[in-house]
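Two complexes follow with chain A in common, the first pairing it with chain B and the second with chain C.
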Partner chain A sequence: MKNPEEIFNLLKEKFGDSILGIDKDTPTEAIISINPGQIHRVSKFLRENEELKFDSLMCLSGVDDANGEKIKEEDGSEIIKGGTLSVYYHLHSVDLKHKITLKVSTPREDPKVESVENIWKSANWHEREAFDLVGIVFLNHPDLRRILMPYDWDEFTEEISRHPLRKDYKNPEFYQGMKVPY
Partner chain B sequence: MGLLDKEFSEGNIVISNVEDLFNWARLSSIWQLGFGLACCAIEMMATSMSHYDFDRFGVIPRNTPRQADAIIISGTVTLKMATRIKRLYEQMPDPKYIISMGSCANCGGPYWEHGYHVLKGIDRIIPVDVYVPGCPPRPEALLEGLLKLQEKIRNESLRKKSA
Partner chain C sequence: MQLKTESMTLNMGPQHPSTHGVLRLELEIEGELVLNVIPHLGYLHRCFEKHAEAMQYNQVVPYTDRLDYLASIGNNFGYAITVEKLLGIKVPERVEYIRVIMAELQRIASHQVALGSNGADLGAFTPFLYLFRDREHILSIIEETCGARMLYNYIWVGGLSHDVHPDFVFKTKEFVEYYKPMIVELDNLLSYNKIFIERTANVGILPLDTAINFGASGPTLRGSGIKFDLRRDDPYSIYDRFDYDIPFGQGLQGTVGDCWDRYYVRVREMEQSLKIIEQAIDQIPEGDVKSAIPKRIKPPKGTAYARVENPRGELGYFIISDGNTNPFRVKVRAPSFVNLEVLGELCKGNLVSDVVAILGSIDIVLGEVDR
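For the complex of A and B:
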């Protein structure tokens, strides 16, 4: 069993600048920030290293940080330019009984993160969900389709209505001829 | 009801008119499409079980739309599901009836404002005969809805499509 500080130092030793920092001021596990282009290598190490053995990806979530520039539209709504979208990975080692959370942040205008599907199979549907609802593109994912929203959602909606859990999402007026707002 | 009131003395001939006979037959064996959507479906299943016994009104689930008379929209209708429900409805033969069960199917329910994925009322895509309010409605409420539907069918006319 290792504490977050020790895990962070192990990663820092191995990957250097790709490990961006650690946030220990959290109600649950400490959060280690990682470069989005390195997440696959780091994850593989976390899973295979004998001292870490993170064999379970408990949850993977996409988050809209909404930390960009907020621009008021004529109708009073806001759109967000710039800033980041994030992915959080909640890891657990069944063997060694320790936990850690990883975080990668990626620019809102071109959100690309490496997939960890071939390390933890549970990531497959979780990444599809983050892609569907927040719009994060996972590179090397074997089957990156929408999982909850209709497959033809894009054909009937504007750019701003593609991903419902973005903070500046606007409901479309119609989908397949059906009125969407109340 | 005027169906069985004119009986000949031997007991095996009755006189009725076609309208009453058809309506009586239809309202006494409403086969519902075996189909449930959310928590309302749990109540619908409870209604089918021995405590409430939907079958005593002639309601049995039928697993194909081709042989179903009614469809109970029991739960939240997402936009993705709405297109499928429309297809199922179109596959059912006439005469066909729809019971909208619960707040979600009636008007969107708790998802009315922020439910980006919910159709706000099944009557936006298919015509509803009976609305059953509740979240979810108890089996008694669904039975009441069914009785209302039976009442509606009883007053139908052959000359008009529905009463």
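For the complex of A and C:
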């Protein structure tokens, strides 16, 4: 069983600059930030290393950080330009019973993160969900389709209403000829 | 002469009694043989996570009821624990005991539906009625206390919505005594029924490493032969004070990790829940259940992930707070959502009729799959 700081030091030693830092200020858990292009390599290491053995991905969440520039529209709504979208990985080892949280941040205008689907199969649907609701594109994902929203949501709606969990999401007026805000 | 065969696509659901809700399975079949299963979700999607961002922390609780609507207490419990973790508050002893007893009662009620519908899907309708008869006892105990039979809104952040009814202790004890022989009856009626065993043993075998890799949890994981239960392995609330066993799949009727094992783990878990209730019910201390409820919930900036063992598996809440009265982001790691993913793997190479048995043994609730 290792604590987050030991895991951070181990990763720092192995991957150097790809490990961006550890955030210990949060009241409940420490979060290790990682370069989005390196997450696959780091995850593989976390799973295969004998001392770590993170064999299970508990949760993968896409988050809109809403830390960009907020521009007011004429109708009172807000659009966010710039800033980042983040993915949080909650890992856990069934054998050794330790836990760790990873975080990658990617620019809002071109959100691309490597998929970890071939390391933990449970990432498959979680990544599809993050793609669907937050709009993060997972590279090398075998089946990146929408999962909760209708498959044809894009065809009928404008760009601002593609991904509901973005903070500047606006309800579309119509979907397939049906009024949306009923 | 070799005849040419061709696979065909069959839609099972969204309106199909054995999909336990509105789930569409696209089956690719060759004769009776299933080659591939593609689940299509989202028919019950109602943007719980988006709604939660527009609510204050305490207003989210009734929405969590509607995730896994067969185990609402568990959902409230998980949410309350996560927010309490974020706030750093401790709840009174009395609250802890009542929460645990309620959650265990709910676990039995939920397993009764799971076992009953698993049997009913395979043609055994009588056990279903027996189980629902007994579930009624639990529902009336809970109804007496919180006034609802399904969506309770009972466990609040920092406490409970009401203290228990004066009859609660008596009736719960009565139920525990009443229900013990009923589990034996269920065993005789369904668990060791020859036809039921034929339909479920050696069907849909889930190896342990696949189960872990797919993130399966709850009875679906334990059926594959591992003693892993969050109540013991990542203890929350006061579960470390009680003495109970963790049932796991042993392949008694076939191979470890088959449908029968997953079914049987649930039956034995009901026994263990009774054991926890028996220990807890005598120890409930006096106290005020509302004393620790914060007047205004405004957690500091930060994140919290907490998980509880729901009847269906690991229910996790990931909450990000930006220091306001509304959560910045609430993500639900629903056990059914993750367990359902393994379905495709299990069904390959089985017959169409086995899909029903496998789906019943995974026991999903679409309310939390689609959120």
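Everything that follows uses one rule, which is that the second predicted complex is superposed on the first by the 180 of 182 C-alpha atoms of A that agree within 3 Å, B and C clash if a C-alpha of one lies under 4 Å from a C-alpha of the other, contacts with A are read in each partner's own complex, and residues count from 1 in each chain.
By our rule, a contact is a pair of C-beta atoms (placed from the backbone, for glycine too) under 8 Å apart; a residue touches a chain by one contact, two chains touch by 3 or more.
Please read these numbers as outputs of a predicted model, since none were measured by experiment.
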| item | value |
| --- | --- |
| Partner chain in contact with A:150 - chain B first, chain C second, else both or neither | both |
| Touching partner for A:175 - first (chain B), second (chain C), both, neither | first |
| Touched partner set for A:164, first chain B, second chain C, both or neither | both |
| Larger contact residue set on chain A - chain B or chain C | C |
| Which of chain B and chain C A:101 touches, first, second, both or neither | second |
| Touching partner for A:61 - first (chain B), second (chain C), both, neither | second |
| Which superposed partner A:10 touches (first chain B, second chain C, both, neither) | neither |
| Footprint overlap on chain A, comparing chain B with chain C | 148-150, 164, 169 |
| Touching residues on chain A, where the partner in the complex is chain C | 25-29, 31, 55-59, 61, 63-64, 88, 90, 94, 97, 101, 120-122, 124-126, 133, 146-150, 164-165, 169 |
| Chain B partner contacts - residues on chain A that touch it in the complex | 148-150, 164, 169, 171, 175-176, 178-182 |
| In the complex with chain A, residue positions of chain B that touch it | 79-80, 82-83, 107-108, 112-113, 116-117, 119-120, 124-125 |
| Touch list for chain C against partner chain A, complex | 41-42, 45, 47, 49-50, 85-86, 88, 210, 212-215, 226, 228, 233-234, 299-305, 307, 314, 316, 318, 320, 329, 331, 333, 337-338, 341, 370-371 |
